[in-house]
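One chain, chain A, appears in both complexes that follow, with chain B as partner in the first and chain C in the second.
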Partner chain A sequence: MTESLRQHIIQGLDKNIRLDGRKKDDYRKVWIEYNVSNSAEGSARVHCGPTDILAGVKMGIEKPYDDTPDRGNLMVNAELIPMSNPEFEVGPPSDWSIEVARITDRGIRESKALEQKTLCIKAGESVWSVMVDVIPVNDAGNLLDMAGLGALAALGVSKYPGKKENGKVDYEKHTDKKLQLACKPIPVTVWKIGKHLVVDPLTEEEKVAEARLTITTIEDGTIVALQKGGETPLTVEEIDEMVGMAIGVAKTLRALLE
Partner chain B sequence: MAYTKRFDGRAIDDTRPITAKVGVVPRADGSAMFQIGNTTAIAAVYGPREMHPKFMQNPRGGVLRCNYNMMPFSGHGDRVRPGQNRRAKEISRVMENALRPVVDLSAFPNAVVDVFVELSQTDAGTRCAGITAAAMALADAGIDMKDLVAAVAVGFVDDRVVADLNYNEEHYNDYSDNPDKDRPVADIPVAVLPGSGLISLLQMDGEVKREHLKEALELGRHVAKKIYEIQKKALKARYME
Partner chain C sequence: MTDQLLVKDKDVVVPGETLATGMAFLPTKGTYRDGDRIVAGKIGLVSVEGKVIKLVPLADPYIPKVGDVVVGEVNDVMFSGWRLGLRGPYSAVMNVKDATSDFIGRGVDLTQYFALGDYVFCKIVNVTSQKLIDATMRGQGLRKLIGGRLIQVNPAKVPRIIGREGTMSSMIQQATKTEIVIGQNGVIWVNGEPGLETVAVNAIKMVEDNAHKSGLTQTIKKWLDEQVGGAR
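The block that comes next holds the complex of A and B.
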């Protein structure tokens, strides 16, 4: 079943036509809604064609880690809920949801987009922790890129909650103080199917792809994170071409952010 | 100070503003969103499909399985840890009971109809919003149904019967400075089958007298009728373009 689907997809790609009529480097229409959940400190809903994901930020006050006493904590989690895809199941996080979360996390962390020192309340005693949850409502492919875009969009509109006199968070109060973002790291994944490279895959394309490379870049084109997936190795030339595609797409996606 | 005027100025039988939309999760067989005030529920239905694990299959007919989940950022305070806790499990089961009377799964032995209910923001009344969304999603999925199900929380705040309590009303005693503040707020979620007026979900936290309960249930049925009209309108909108 998968092999015949794969052949069908590759025959199309040979003529630069994908299952939904797009070209190999075409991205579906992406749009972002902000502050979709009043319970969160910041939230966003990102649509990529029929793919639809929610990202929300909660903030709390915690004790810092011993090795980083003056830095706040960042945590990124992906909940691949069974609502969004008939193949997702209820239960502990799958390998796929861990990988989605870790790739999203790595881009934000390694680019130092979130300046963790600004989250320090009192060194060694208390710091803000920023918890980002990314949740697909409808997974019609390209979760990886949308998770990163959604997380960044939600962080970008997040505002600190209030603080009580006893040092605890006051969620009833909202301040106007926004989270500081130093840059906008955008992950773009390029998928290899046969000898072809495509971006923004459909579910079917994700299924038959033999390799993928997620390239996270910031405004000046600097690469801040890489992750290769899939069992098939890549040539240096392929990697270079993938990076070029990713930088181009990232520019377009970044322009959509508020 | 008695509770003569509601915090947000509503009449006693008024709900918060409602938005309902059917067909919000394209990959699912049926789906719907129901928003009431700052509580948003999304429901998606998959099935009838093969039941896993196998030992839960029923050869006499299909099984309705609900899964209630609050998104981690949807809580009123701290982040909600992902995964099913005891509260979510209980709510999932009472949702099944609330919806089961209207669906006919006799044609699907050994199959399951999965209903996933997700809350993206919460301000009280989540199980009712979830049931109301799930009923629309089941209809959208083409499951045989005798009726819809419309749910709302009713209750007593300082001896005043009110419909669709919000978070502040549920926690009225924490805010009020009246001498009777130890009198608990009664919070009574009810699910109503609008066609017959039967009640398929009934829970209560708090304290209530027998005659007050009757009054509250009548109010619940009255408000459920209004929600039912909104459900029907949303379903029709999906299929009339």
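The block that comes next holds the complex of A and C.
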């Protein structure tokens, strides 16, 4: 849509200078606040420059699904509120909102970070269900990576709520039992603009990018999830370079987690 | 109720705060009368001049006025004109006849003049009571802005960014060799060499953040010298 802005951004990228003066593989300053909500079982607020995201975990006791009688449930939801970006609308979830939630969900699920068997209370009858909500307070680009980082940070500090005698959850009480995480899957999205690959895009860069690849990796560099977006195809060489960038960035992001 | 002024000149007030009681004072811009109280409608600085209470807002959305010269972005191409986003609650419409003196036949593709996402420097010529706004490109210096990008600042800080007789903006332009066009809607178009353009943007942000300080021109000049010297 904004061809002139696209050309302008590419002109800068040719000299490895982005709109805010960063290099292509520079990440803005990221910092994390923990337990920002009293009512959640665990929560985190992630900042990436002006981008600001809240993630919260709620736990409940539910009946397991028939095909996984001994596993707890994991649900990830992203609520993109209009306060965070003028292009977000109220109403049913948008495609973008679903995609953000799905990518975050897939990283945690496919890496088996959340050991779902430990969430089982009684096989076939009751299991813990973990609900992760991601809400942007300000979307100034890079929502995808920050949603994944926020969700992981919130899960990492989550503690089981108490249980009443009748088997119902007692949200008034908190136990000291922490939710167990087996690994730390970090999603990093590499965006393609012209022939350039960048991480941590600004809103303008997200608008003009032709393609993106979200690569979720764990500590040893194993890729656990991938998601390609955008209309242009990627070459094998590009994907190689993107994976290299993502593993490097994921290491620095993982070091920020508690 | 007795006539009483509850605030001092240059106090910072918040919406809903009572500024004065009684009928002796007059509410003006940014304040309103509620019964026998005068109440602040915005967050800002109070200015009391005799019996007149005025409020200078700290931040305000851009409300178009006739005669304003603004930077707009083409948001829609319509049957006989373009809709321009002004980064405020209201958008402007520029009719074909106000945009070009070329002959345009019936059914011609208007995107060859202005396409979606193009930037224009235009002037507000009419604002109706329903806030339907007409813009024109007929006038000195008004033009299509090719290339570059837009940044947004608080419209209230625009006079400071322009500076006295344009000193501030021309200083930034010369130091960074960057073209800068400032709209009264707080939208600024910048276009230059990638590295220097970033310096210009940071300089503008610095002026915006420090608009209330005195001796700003000297501070910015020194900062620009350091930055541009380093970039060379």
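Quick notes on this one:
Just so it is clear, the second predicted complex is superposed on the first by the 257 of 258 C-alpha atoms of A that agree within 3 Å, B and C clash if a C-alpha of one lies under 4 Å from a C-alpha of the other, contacts with A are read in each partner's own complex, and residues count from 1 in each chain.
Heads up, the rule we're going with is that a residue touches a chain if its C-beta (ideal position, glycine included) is under 8 Å from a C-beta of that chain, and two chains touch if they have at least 3 such contacts.
Treat the numbers as computed from the prediction; the structure is a model and nothing was measured.
After superposition on chain A, the partners chain B and chain C are seen to clash. In the overlay built on the shared chain, the residue A:Gly21 is in contact with chain C alone; chain B does not reach it.
Here chain B and chain C are compared by how many residues of chain A each touches, and B touches more. When both complexes are overlaid on chain A, the residue A:Leu181 reaches neither chain B nor chain C. Of the two partner chains placed by the overlay, neither chain B nor chain C lies in contact with A:Ala151. By the document's definition of touching, neither partner reaches A:Leu119: not chain B, not chain C.
Applying the stated contact rule after C-alpha superposition, one finds that A:Ile135 touches chain B and leaves chain C untouched. Looking at the shared chain after the overlay, A:Ala101 reaches neither chain B nor chain C.
Comparing the two interfaces of chain A, the one with chain B and the one with chain C have no residue in common. Contact residues on chain A toward chain C in their complex (touch as defined above): 1-5, 7-9, 11-12, 15, 17, 19-21, 204.
Looking at the complex, you find that chain C touches chain A at residues 115-119, 146-149, 191, 194-195, 197-198, 201-202. Chain A makes touch with chain B in their complex at residues 36-41, 43, 50, 52, 54, 56-58, 60, 77, 79, 81-86, 90, 92, 131, 133, 135, 137-140, 169, 171. Partner chain A is touched in their complex by these residues of chain B: 24-28, 38, 40, 42, 44, 46, 49, 67, 69, 71-79, 82-84, 114, 116, 118, 120-123.
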